[in-house]
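Chain IDs A, B, C and D follow the sequence of writing; residue 1 opens each chain.
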Amino acid sequence: MISEAAVQTVANVFMLSAIYILVALGFALLMNVLGILNFAHAAIYMAGGYICYELIVGAGMNPWVSLLISAVAIGALGLLIERVLFRPFLKDMNSIVVITLALIIILEATVNVTVGSYIRRIPSFVPGVFRVGTVSLSGDRLATFVIGSCLLAAAILFIRKTKTGTQMLAVSQDFDAAALQGINTRRIFALTTAIGCALAAVAGSLMGAVLSLSPLMGDYMLVKAIEIVILAGIGSIGGVLIGGLILGLLDASLPLFIGGSATDLIGLSIVIILLLFRPQGLFGHEA
Amino acid sequence: MKGKGLFLMLCGLCLIFLAFGRSAVVAEENVLKIGGLYCLTGFGSGAEAYVAQGSKLGEEWINENGGVTIKGKKVPVKLIIEDMKGTADGAVAAATKLAYDHKVKFVIGTVVPFMVQASGTVLEPAKVLRILLYNCAMPNEYGPKTPYAFLCQDATVEGMRASLQYLKERYPQVKTVTYIIPDDGSVPYLQKLFTARASEMGLKVAGVAKWAMTTEDYTPIITQVLATKPDSIAFANGWPQATGSMLRITREMGFKGPVFGGNYDDAYQIREIAGKENSTDFFIHNLDLDSPDMTPMIKEVTKRAKAKYGKTNGMYMMGFFPWYELKQVLEAANSTDPTVVKNTWEKMKTIDTLYGPGKMGGLKTYGINHTVCHPCPIVSLTNGEVKWVKWVDVYSP
Amino acid sequence: MLLETKALTKHFGGLAAVSLLDMSVGEGEVVGLIGPNGAGKTTILNLITGFLRPSHGHIFFQEKEISHKKPHTIARLGIGRTFQLAYLFPDFTVFENIAASFHVHPRYGFWEALLNTASCQEKERYIEEQAMEILHLVGLEPVRDVLGKNLPHGYQKLLSMARALAVKPKLLLLDEPIGGMSPQEIVFAMSVIEKIRAQGITILLVEHNMKIRSLCDRMVVINFGTKIADGPMDEVRQNQDVINAYFGRDDAA
Amino acid sequence: MTGERRIKTKRGGRKKLFISLGIVVLLCLVPLSTTSPYYLHTLIITFIYVMAAASLRTILLSGQISIAHAAFMGVGAYASAILAKELGWTPWLTMPLGGLFSLVFGAVIGYPLTRVRAIYFSMVSLFVGLAIVALLGVLQGITGGDIGMIDIPPLSAIAVPGLPHIDFDGSKIPYYYFFLILSFLILLVLYRIEHSRIGTSWKAIAQAHMVASAVGINESGMRILAFSVGCFFAGLAGAGYAHYNMVLTRSSFGFLSSINLLIYVLVGGSGSFAGPIIGTAVLVIVPEIVRSLQTFAPFVFGGIMLFVVFFMRQGIAGLFEQLQSKLTRSKKREMPGRAP
């Protein structure tokens, strides 16, 4: 029976890692390309979830269609945010931090006064459970796993292969040089923010189905996203995979041995120690 | 230098003026102010915002009947809600505001245990009578140290007894139970009480699992729980989010046995979070508000809730609950002095509650007989349907 | 010998930026460390001042090994340096820049500084005088209240020299002291270096602008991290390797 | 170039002292005009967070943006509370001990943290803060976990012969004066440190750490010093909070609280000493004023933040400094400074 638990745990690790990676992806993109520490990622993620919910439950639309719509809508919101809030302050880290924090407060309050703080859940995208031997995986989690891996791969390919992607890379490495080479940095910034927010919306919608939906759903996930990106090392999208796996491994396996707060403590300590031995993260180049 | 000097002066002044900006609320005559402590924002607002709405129903209900009769004359009530913002600091600030700025003498509300405790540290010295909606059997939260606190719903402990009773008669084959408790500091107390209850019912405790308050994904905990091979699983003292998610995962992992919750979470909400396909062989203390088996008073509140908010759920009941008792004790005490009311309430043997006739108890369990014990409703989720089960009579000595 | 390196070697990953370098700087000398770009000149300075740890080899300052000491300890031993790019404290005024650099002597105690004792004020006054002297030496008095970041480039270079002087160095390492200066600025800067030398401070300078040569008693020519020539200017000129490695591609001279 | 000069007036320091004394005197008058415990409570909480925010800025001076500061407040608070509650020592003793405990803790944590810089430092400090809060949860046997710890003894009464007997139990007025004086003293000390050699070295490190070590400043040593000094005063503030509030829950020292402290400093203006003071005053008191907005209150908080970022780049305090520099500039036009 212990072996059963062990096998199930292995599955859990991958599922949870997929969840974390999906959530961290948009955050990582903004961090790596724009160097913006986007605390508001959490709130945007939450907003995306709520839009998707309203479309599915309120308007009774097809889940996948509404997932797409919510992603697009939040992407547009991202454009707005970039234009109005980020662009004037790109060289000014402190202001960005304050802005993104203000965004969290405002978005949460908005949800609170409009749809209310009632905790709900988005109906399953993929109902049912798949059983492999003793291991059971819910449809939603499998969907998350597939979509998460696809998006990660897509992001990496996009950055490595496409012209825009390479431009993003250039901007992330040296803003001024990129500008001198005639790269339209404004366009890159807008695009990156939009994609980042859209990814957040996808994550939010899926998490709304896998976990649950509440104005505060982003708060803990934000910390996870930060942990992953810092572990991976700023500037490395691929590292998000490893960062996600590490966190998934910790959070999915530790509770088996020790319950409660001790889980957090040990998990965090391991992350901190890793970072002290490799200050620039696992794949980050020296800052 | 001039600029700075000027501005430092300014901020000093505005600091003071801000502090006095709003003069203390003038106490209107012949209105009885009742404070309501809820989290409208932040942690816990998911439930308490709706409990607060239910509380408004209570205020209206009393005032429509002309208020509470004290010394022959009808006194209307006024509910003043302060937001605890989901933090202990917020709770203390809100409580201070109610007790010293609004000068209320009675406070209802407060569900989340650590905020019950925090607000208590302000309200007890101020001799403000509190009606709690929830407790975790923590001596500091509710017990001999808190003489002005009354518990109108003994959710966790009495509730667990009710669940176990029903478990025995509905699923006689069940021999062992595993408890899942949030790791918020209440574990040692609850574990003791629950183990005792279980052995009373001739059940064996297969294990006790703790989950950190920051848990996002409950799968690992459930994996751990299922490794203990229990016949049944009990979610003690969680909130719908946790209970629903855990129920879902339990079923998805193929656990067939009965699963039950230990407190007053809304069955409909749990079903929404767990998903219809996973909501079976589950029961919890809650009301099926459409069932004919409800007390007339509940029907009344349901009507009002539908009229005011267009919908209804268990949390509205939770908010309304204390008003019904408050009216009785105020009229019994025939006074608005919290100490008098407290003494009267302590002497009362029985009290009518929203859920039917109630008795005062808790002396043995909590060391203070401020607990209102009442029939405990049980609702089950069977094949995705919310089914009313019955009232279970329980009593905390 | 004031400074000596023995078989100094530094590897970055696989390739050696500096390999088996033996060089020495005598008391009161002005030595020019020259070589084409990427020859490893700045690496050598960073090794001497402890910003990089040598892979092998030793560095001796006044016969004492300093190979694995921390930068601030080395500075306290009396090695001042300027940087190629990071010249100064951008948000301090010129005066503050120099005053802040008085860290080696006088030394401060925590409580002394906190309680602002008489001795501490005494030191403050001393520092003020010293700072003014240095300002005078490098001719920056007129701009003493200008924020470092608002100085023109040439001034910033001068200020970084002044800053290094605050350490009361026995040995001063200058990293491209006249790089990117206008001709008249160069004349001024070199006069300043002359003055510094006149105070009996030993100078090791990295430069590939050949105008500097008139200052140097000796040249050490580096290419690909190895010394290819060492001696007075005229000798070095004749050296075939040097011609190939350096003067062949020199356009500044 | 002339515009960007910074003029040092010798009398500036004393003038500031007079002004702040004036404000303190004004604040001393408050309890005479109101005895409403609610207003006093709000101001006391403001004082406590002013201390914390000011000490956070001390760490910021050395270029380390710490997101663990509330956690260190918690360390001091729990240390002092446990000593006073379990061992029955007098809070007058345990409070400084709490501060010292926080200092030692800060030094121990601050040492490895010198390996990381800039944003990596901030993030690792964030994780450290979370870990500390998790630790408080693990030690729930004494800290009470999320439910929290109560029955923390209040400050014991002062009974000096000749002086009136001051009892802290019950009334808030003694607490008010205690925290007023304490915060004023702490601010004085922090001001002294900032304007001593130590403060200069911190600022130097923050601006150019390589240059700093090239002139003999022990970078890691100074960073640890800044971190532990900040932690000491945070711990002191936390200890005071514990004995005033008499209830502690670990969530009061978590991620969001640390972030809040950072917001106080940044909104007030991290560039000037008065910044954290003003920021805290505004962001603690205004939300209390707009309480009645209930679920809409957060909009005010967020609104202030955005307004400050857009219209006061240097924070609220910075606005006045710009104004001041304008004045001085117009005065000091004819100062020399063009290239000779």
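Throughout what follows, a residue touches a chain if its C-beta (ideal position, glycine included) is under 8 Å from a C-beta of that chain, and two chains touch if they have at least 3 such contacts.
Since the model is a prediction, treat every value here as computed from it, not as a measurement.
Participant: Which chain's mean C-alpha position is the greatest distance from chain B's?
Facilitator: So the chain farthest away from chain B turns out to be C.
Participant: Most C-beta contact pairs, which chains?
Facilitator: B-D
Participant: At what distance in angstrom does the C-alpha mean of chain D lie from that of chain A?
Facilitator: Taking the average C-alpha coordinate of chain A and of chain D, the gap between them is 33 Å.
Participant: Can you compute the centre-to-centre distance for chain A and chain B, using the mean CA position of each chain? Integer Å is fine.
Facilitator: 35
Participant: Roughly how far is chain B from chain C, going centre to centre by Cα mean, in whole Å?
Facilitator: Here the centre of chain C sits 72 Å away from the centre of chain B.
Participant: Give the residues of chain B touching no fewer than two other chains, as numbers and ranges.
Facilitator: 40-41, 43, 49, 183, 212-213
Participant: By the touch rule stated above, which residues of chain A touch at least two different other chains?
Facilitator: Each of 108-109, 112, 260-261, 264 in chain A touches at least two other chains.
Participant: Considering chain D alone, which of its residues make contact with at least two other chains?
Facilitator: 134, 137, 140, 145, 295, 298, in rising order.
Participant: Would you please name all pairs of chains that touch?
Facilitator: Result for touching pairs of chains: A-B, A-D, B-D, C-D.
Participant: Show me the residue ranges of chain B that touch chain D in the complex, using the header's touch definition.
Facilitator: For this pair, the touching residues of chain B are 1-9, 11-13, 15-16, 18-22, 24, 40-41, 43, 49, 81-83, 87-89, 92-94, 96-97, 99-101, 113-114, 117-118, 120-121, 125, 136, 138, 140-141, 145, 183-186, 212-213.
Participant: Quick one: which bits of chain C touch chain D in the complex? Just the residue numbers, please.
Facilitator: Those in contact with chain D are residues 49, 51, 70-72, 75-76, 80-81, 83, 86-93, 96, 99-101, 103-104, 108, 110, 113-116, 120, 139, 142-143, 145-147, 150, 152, 155, 160, 163-164, 166-167.
Participant: Of all residues in chain B, which touch chain A in the complex?
Facilitator: 40-43, 45-47, 49-50, 183, 187, 209-214, 216-217, 219-221, 223-224, 226-227, 229, 239-241, 244-245, 248-249, 252-254, 269, 272-273, 275, 277
Participant: Which bits of chain D are touching chain B when the two form their complex?
Facilitator: By the definition above, chain D touches chain B via 9, 12, 15-16, 19-20, 22-23, 26-27, 30, 33-34, 36-39, 41-43, 45-46, 134, 137, 140, 144-148, 150-151, 170, 245-249, 251-252, 274, 277-278, 281, 285-286, 288-289, 291, 294-295, 297-298, 317, 320-321, 323-324, 327.
Participant: Considering the complex alone, what residue numbers of chain D touch chain C?
Facilitator: 1, 4-7, 189, 192-193, 196-198, 200-201, 203-204, 207-208, 210-219, 225, 335-340
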